[in-house]
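Each of the next two complexes has subunit A plus one other chain: subunit B in the first, subunit C in the second.
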Partner chain A sequence: MAKGDPGGTTRSRRAAPRSKKGAAGDPALVQLLTPEGERIDSATGPDGTEYRVDFTDEEYRGLYRDLVLVRKLDAEATALQRQGELGLWASLLGQEAAQVGSGRALRTQDMAFPTYREHGVLYCRGIDPIMPLGLFRGVDQGGWDPNEFKFNMYTIVIGAQTLHATGYAMGITIDGKTGTDDGEAAIAYFGDGATSQGDVNEAFVWASVFNAPLVFFCQNNQYAISEPLERQTRVPLYQRAAGFGFPGVRVDGNDVLATYAVTRTALDNARLGQGPSLIEAYTYRMGAHTTSDDPTRYRIASEVEAWQAKDPIARVKAFLEKQQIADAGFFAEVDEQARRESVHLRERVLEMPDPEPVTMFDHVYPNGSPLLDEQRAKFSRYMESFEGSAH
Partner chain B sequence: MSRIKTFNLPDLGEGLTEGEILAWLVKVGDTIELNQPIVEVETAKAAVEIPAKWAGQVQAIHHPEGTTVEVGTPIIAIDTDPGAGPLDAPSTTATPSGDLPTPSAASLAAVQVAPAEGMVEPGLIGGAAPGGRTAVLVGYGPRTTAAKRRPRKGAVPAQAVAAPAPAAPTPPPVVAPAQNGRAAAATGGVLAKPPVRKLAKDLGVDLGTLTGSGPLGSITREDVQQAASGASVVVAEPIAATTAPSFGADREQRIPVKGVRKLTAENMSRSAFTAPHVTEFLTVDVTRAMKALDRLRGRREWRDVRVSPLLLVAKAVLLAVQRHPMVNSTWAGDEIVVKEYVNLGIAAATERGLIVPNVKDAGRLSLRELADALTDLVQTAKSGRTSPAAMSGGTLTITNVGVFGVDTGTPILPPGESAILAFGAVREMPWVHKGKVKVRQVTTLGLSFDHRIIDGELGSKFLRDVGDFLTDPEAALLAWT
Partner chain C sequence: MATETLTIGKALNTGLRRALENDPKVIIMGEDVGKLGGVFRITDGLQKDFGDQRVIDTPLAESGIIGTAVGLAIRGYRPVCEIQFDGFVYPAYDQIVSQVAKMHYRSGGRLSIPMVIRIPFGGGIGAVEHHSESPEAYFAHTAGLKVVTCANPQDAYVMIQQAIASDDPIVFLEPKRRYWEKGQVDLDAPLSDAYPLHSARVVRPGTDVTVLAYGPMVRTCLEAATAAAEDGRELEVIDLRSLSPLDLTAAYESVKRTGRVVVVHEAPSNIGLGAELAARITEECFYSLESPVLRVTGFDIPYPAARVEEEFLPDLDRVLDAVDRTFGW
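Moving on to the complex of A and B:
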């Protein structure tokens, strides 16, 4: 939010000088690809860590493909909600780079704990993108196996997953799976609003004092639903880590390369047994909080336009074009693949069967429970009391 | 599978029951693509665009703009295979802003054979009333669980909820009772302190029918007592009473407060109870100004321009602001924000209620540009297409109450503004002109201003300048510019 924002004239008067917002020109912001698509060889974090990436042309193209697909599938889900096929959808529009960058930095053995918006990370984990749509359509609980994909269930309770992740990471240490190049680590996703939650602060304390191999990955998309960042914090969020005793770094969350580099380093530190760290991926939620929200009621168009210029996909495309890593044929092919996959996604969503009511008793306990069996029997009898009942 | 697919209004938020059709982005006969935006709908939560669920050709539009539609109601029919030849009968023609369409037999048949997937069970949709009113849900709606539930075995089938849909479609009696029910339920959301609620209960006063005069629109003890004593109570009524009120058996109508009405109420209450208003009046002889307008209209280059008295008032205000910039300011707690730019608001009565779009940076416009901007603003408002951006950021407002045939008023400031001018009707009146009583064209100006910023002296000077310009625009232009 630069000068000229009328909302800022009354609000930010008391803000400490150090909490000045604005990604551009912020020395603490790790960036390897500018909004114009210029590559920066290396960037230095606040603690002196040097960040760089060395991708092959094929890998660069792969990242672009991920970003475009993730955006297209997300747009299709939003459309499906507007057409009455999903009850709700939390769009990731604008946060593709933060999710793909961090998602691709994960190794197979690393465990991720998402919020309800991490569709991009889910995609990178190799999970069928249809899975979260079942949850938002209300026909199942999400459906993927968290152990198989090393990606926990979507967590709706704000910040709760940071405690789950901390416990999991402490378990990694107890199992003795840290301390080597091939050790394990966990990553907990959350937003700027969640940093105001008690759960998140407790997770910081526990992860810190138990030296848990955990990366706290905060996507600062500037709004906690309608509350702007200045109502969440008076210091940059990454600086909070210092108070808890672990390193924090702010990365350009619209820069997929920098996000990848920073996340990979943090995960490697964790797996080597060097404890937790906090990454603040500085980004912007271009869409609504969820499909039930109307962002035009609390933020101004010029702010959205300013972030539009920092689009995470446009800069990768500009870079690929300038460096002649990809040609028009490649971009068309990716667009066509995205279109195909979104149509396929739509077809499969429309075919999702409604669950039988009695299935709500399934999957509560692995081996059943007498009390639940009794309830199930009672409920079945009730359902059978209706005409035309198939039970 | 039928060619014709009917799209029902989905629940766009979580647990919403209705939405208002703001604008159709397609019309009957249009060819549309999958996910192409077709309609803008405003719910209690947000105004959103709905993308087309199928590609094809628009076959029928079931509700005009401005209609509030219950979730689950068919709103559009799409021919998914228009290339396969004509349908049996001509399709419904409906203009987006016109009267309610009259569905033809063909589109009705289509509605019945092809309900939207997943939303409604076949046979639930009643289609159009015989009188050709509208396609509505009959008997029971798809959104209630009761409607989807099968009848209990051995249950008496006469239960109202589970009554079978009548074979012949009936007119929509659903609307008024539903609104009554909602208003009654909303009573719980009325702001009133517990003792006031107790008093209302004891006196038999329904809080939901009162307009609160307390802070934040809360209902005070006095409001309740006044209502109980039979004194007249101001009840919020929609400006757009284009449809006749439908009274229930109790001969009262409950109109849910929502949309523009709700926003207006909130803004007016907030402004009235935060900015100390002062209102001054000035009656001026505008005979010369009216003649000047006539001369302007007669000029060749102004032939196609709409020249109204409002144009002169706007110009008068803009010039007076240049002479008294403090009038164009905002009270911001511990500072006053004075603006060099004037975003000139024009209060407009529309079918959706009062809106106040503004002409951005009006002070920089030539008279001709100002005339065009005002015409555009009014036409956009009347057609209901005013964008939120056009309604935000106003710095000073004119309310042209004269078009309603009244002389003046004590306008309430739009929040964030420090002055608002009411422009009354221009009437022929006996007036002392050059020492003799003559019939002159006279109008009364009413200026409300925020006394935290503007003292009586400044407010009076400003109003006097506006009046001077309207008395003799040529002289004022020569003297001031």
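Moving on to the complex of A and C:
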């Protein structure tokens, strides 16, 4: 009998161990790149799946470039908030590998359903990184076309998008777009806190019984604002999948290579008609929940330092250097590109015009509404009554 | 012209069948809508004829029904969701109010959610708790949703098809205690010529008092009008049909003639549809009114036990009592 198994003549404690690492215990990670930048040839998931990547040098350098760019743009957005140019910002700092790894694993035809922190995935989908800044500046509610980029709008209600992704994936099945290598799949992003939501659990049920071509991608960044993982779960999150009847795997979310490999495999299984799976990308939110948050009230510096040593970008850089895949000139050029793009981002944010007030009446209904027509007309007349004054 | 005598329930069933035939993107989803045909049999026979990918028996979770329907809508489908009973819609409330209602707006018009949420509503069937509620004000209060209800078989047949064909998300309230009531239905009239979905209709002309009702209360008010006529009072009964947006053109015209208004609904009065109707009529018809706008509604209590629901629900006598009171000012 395995240690901790109930039964026999002894009873083990049912409470989860209260280690510093949390109720989830030691993560059994799928990892292909150590924090020191050592490549691991292949890794095995809990169901025996072998994960490996076979990138060209150019592709390795491309992933590094993505990581550096999304971090720099994110830092710029945080700075813009601090200067009063954005109302709020939800930083992805620390989660770059989870987002770039999964984002680059998506094929063109795959549809992503993000939370409000997936700026790195958004970047990988080819969306102008200024788009979410419009939302957080308050000039619009997110400006990209979800169908054009196959990346839905940000969703702020925690977990709601997992059901949307599930329904979308059911639609893929009804359309007969699974079962081949060029089939379609969907991916639902959510966090550790969201796993407590009813919607997420309903999405697990739905995806399972309809065998939906869907990847549940949970970035376990250890905190739901201030609440640590122990307040959401007593079992490692990836193990939840078993109870719903589909595979779950925990990947080192700070390892862009492993995240890519695990996500690509899960998406390909889904598109082939093998149903949903859950990926728990084990990572850490290095910054605050949002710019309105103060993480020093609920976590200690040594914990942050320990995760600093597992930085997702430093390990790729160490790997590129050790393997002589990139030289100092390359790193300088990437830094310069990141600087240039962040300056460009800043300039464009500052130039974002406020919307005309009357446009608040637009797009409430595809077919319009006489009530709104009346209110819009009254509002316009009211505003016009101030013409010439500095209203 | 092929007219048939159908119940409201069968008219809805026939309308759903027609919608499934006319547009391959229409899908029906809900609890027990497949083999069982729904607990009220409104989807009877549809799964058999259209398959289980177009008439989907879902897991038992209302938020899941609406949430997955949002995803299907983004994918290009036109989901028709059945919520089994009014009192069970609340687990889906977040998806309806925060997601369905706002998706078009948030996307700057890029996404539409052409969803119909069918809910049997109202009391009068002797049911246990949570099976007799009138939640229309919650949805009518929500920008981005439209809310309609039918009161006769012809409207049931046409309006369900119009709602499905509309790109707006629509909460479609079905007067469950009237499901078995029969009427003539013209099955062949083209939808394009049909009376507009979001328009009210005068269902009995009159000269003395304007009575505004919708859904299950339309019949109650028509019966009240018949009784009032015996007393020499002519009630003009207007079936509002669309609760959001409200079409009050006919109501304003009527009130300017009658000077008296009674609003009737099963839902409690406090902050209900009647309050909005009273406010708008007062704004528009102030100088025509001979009395305040009176409301005949359910009381501001949780829906009571079935053995007292007849006292809770507005009936012919309570409507006539309010009609009398409009002459007391």
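Note that in this section the second predicted complex is superposed on the first by the 360 of 391 C-alpha atoms of A that agree within 3 Å, B and C clash if a C-alpha of one lies under 4 Å from a C-alpha of the other, contacts with A are read in each partner's own complex, and residues count from 1 in each chain.
The working rule: contacts are C-beta pairs under 8 Å (C-beta built on N, C-alpha and C of every residue); 3 or more make two chains touch, one makes a residue touch a chain.
Keep in mind that this is a model prediction, so the values were computed, not measured.
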item: Superposed partners subunit B and subunit C on subunit A - clash or fit; value: fit
item: Which superposed partner A:Ala301 touches (first subunit B, second subunit C, both, neither); value: first
item: Touching partner for A:Ala309 - first (subunit B), second (subunit C), both, neither; value: neither
item: Contacts of A:Asn147 with subunit B and subunit C, given as first, second, both or neither; value: second
item: Partner chain(s) touched by A:Tyr168 [first = subunit B, second = subunit C, both, neither]; value: second
item: Partner chain in contact with A:Glu85 - subunit B first, subunit C second, else both or neither; value: first
item: Partner chain(s) touched by A:Val235 [first = subunit B, second = subunit C, both, neither]; value: neither
item: First, second, both or neither for A:Ser292, with subunit B first and subunit C second; value: first
item: Vertex subunit A; arms to subunit B and subunit C (CA centroids, nearest 10 degrees); value: 100
item: First (subunit B), second (subunit C), both or neither touched by A:Ala377; value: neither
item: When both partners are placed on the shared chain, which of subunit B and subunit C touches more of subunit A; value: C
item: Which of subunit B and subunit C A:Val209 touches, first, second, both or neither; value: second
item: Minimal inter-chain CA distance - subunit C and subunit B, angstrom; value: 20
item: Contact footprint of subunit C on subunit A as seen in their complex; value: 113, 140-143, 145-147, 152-153, 155, 157, 160, 162-175, 186, 198-199, 202-203, 205-206, 209, 362-367, 369-371
item: For the subunit B and subunit A complex, residues of the former touching the latter; value: 7-14, 35, 45-51, 53, 116-119, 149-153, 332-333, 337, 388-389, 393
item: Subunit C to subunit A touching residues, read off their complex; value: 27, 53, 58-59, 61, 63-64, 66-77, 79, 91, 94-95, 98-99, 103-112, 114, 143-144, 146, 166-168, 198, 244-247
item: In the complex with subunit B, residue positions of subunit A that touch it; value: 6, 9-10, 76, 79, 81-85, 87-88, 288, 291-294, 296-297, 301, 350, 385-389
